[in-house]
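The following blocks contain the structures, represented as structure tokens.
The two complexes that follow have chain A in common; it is paired with chain B in the first and with chain C in the second.
== the complex of A and B ==
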């Protein structure tokens, strides 16, 4: 019986529980190396309060909405409320005191205010282009022109 | 000491008030004074938005600052925000955990029609 259950348990443990344990209790999640591994080589990465499906802060929600608006879908989001080490680590990593924090192409872009401003002045479209993401706003503009 | 209570906004807010009464200045006044001294702004607004969030009445946890200063000339936005964050470092590491920043040069300020945008509504996790 134990022999039968062991692999099942072990697999479940190694996949989910273990990952959660590491996230919650290991200091390593806040280390520079770990955060490097989260952001480097990724197109868009967001450190936020809550998840994109259920943001737990108005500023984090605003960032999610902006990315939605531009049709950015496959970005990775990390919930800092689920990991205190990550929450502290990311602030040290960027020397930026507040959450959310957005990275594009491995580079720290800024928080909610900066994303909002870049959205308004069109810079965000350019930044996304650099990582081969075509903003959905461009398609919309084209559509509007055709109609007009 | 304050880091110990970083999970508990109520205690933090209390501590904050205590500190403020010791110096006879509210956090809002301190922020205003520091920004005034550093940036000598043409326009300065410090708005306590804590009432919009899930924190006790009278809290000083959520702020929005609008700074219009020539010192931002030819500085990219991220640098401007870093300048403001640096000046308010002590406040941000104690009780203030949300700071919305608007930085403009006098020229940009005039062009924008002196418009201060609204902060997004709270999503319930304010004290977290």
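== the complex of A and C ==
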């Protein structure tokens, strides 16, 4: 009997230990600490509705398209629709009322309108340069010049 | 009561001394949900895009809680004059 029960007790005990560990060493999603950990030291981070593969809002999609256009790959994207705490938390963190939100080099850059404007006026190329990302548009320009 | 472009324009004239405004309601079904705005204000002078948008967001903080999407272009009077000449 004892032999039978032992593994069950052990399993239950270890689960509790695991839970306590998680609670102690992880911070609540959407907290300042959590968002700091998501954006600090990262080149490009996007908080959006849906995923880059399947955006669930036109504005989030526009940001994804702009980044694609500049050849930015491997940026981290966080789906705020999957986590209500994160959705609220990111708005408090930046004091910005809307999603999507883009961070470059750990700094909040803006939402869709600002990304679009920066894309148009060339500022985005400069911002990406600051985090050692060479915009794909620069290569295209060179190519065009050669042809011309 | 849904938010109208006129209401938003009125508020921006008072709050950020906007001199020229073109706000249109682009909601799909229920009015008052989506807007596109061209906002011209001397308050934008010397401010980066992010700061300009923050000014507007602050002025419309209450309204934005109920608005689903608010797209904006923020110009100084000088930039607005330049843009008019281009058109």
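Here are a few things to note about the model shown:
Throughout what follows, the second predicted complex is superposed on the first by the 121 of 148 C-alpha atoms of A that agree within 3 Å, B and C clash if a C-alpha of one lies under 4 Å from a C-alpha of the other, contacts with A are read in each partner's own complex, and residues count from 1 in each chain.
As a working rule, a contact is a pair of C-beta atoms (placed from the backbone, for glycine too) under 8 Å apart; a residue touches a chain by one contact, two chains touch by 3 or more.
As the structure is a prediction and not an experimental result, all values here were calculated from the model.
Look at A:61: by the touch rule set out above, it reaches chain B but stays clear of chain C. Between chain B and chain C, B contacts the larger number of chain A residues. In the overlay built on the shared chain, the residue A:139 is in contact with neither chain B nor chain C. In the superposition on chain A, A:50 makes contact with chain B only, not with chain C.
Legend: residue contacts after superposition of the two complexes on their common chain; A:110 is shown touching both chain B and chain C.
In the superposition on chain A, contact is made by A:81 with chain B only, not with chain C.
By the touch criterion defined above, A:96 lies against chain B and chain C together after alignment on the C-alpha atoms of chain A. Where the contact sets of chain A with chain B and with chain C meet, they give residues 59, 95-98, 108-114, 117. Chain contact summary for the complex, chain B toward chain A: residues 77-78, 81-82, 85, 89, 92-93, 97-102, 117, 119-126, 128.
On chain A, the positions that touch chain C within their shared complex are 59, 95-98, 108-114, 117-118. On chain C, the positions that touch chain A within their shared complex are 49-50, 53-54, 57, 61, 64-65, 69-73.
By the touch criterion given at the top, residues 49-50, 55-62, 81, 95-98, 108-114, 116-117 of chain A touch chain B in their complex.
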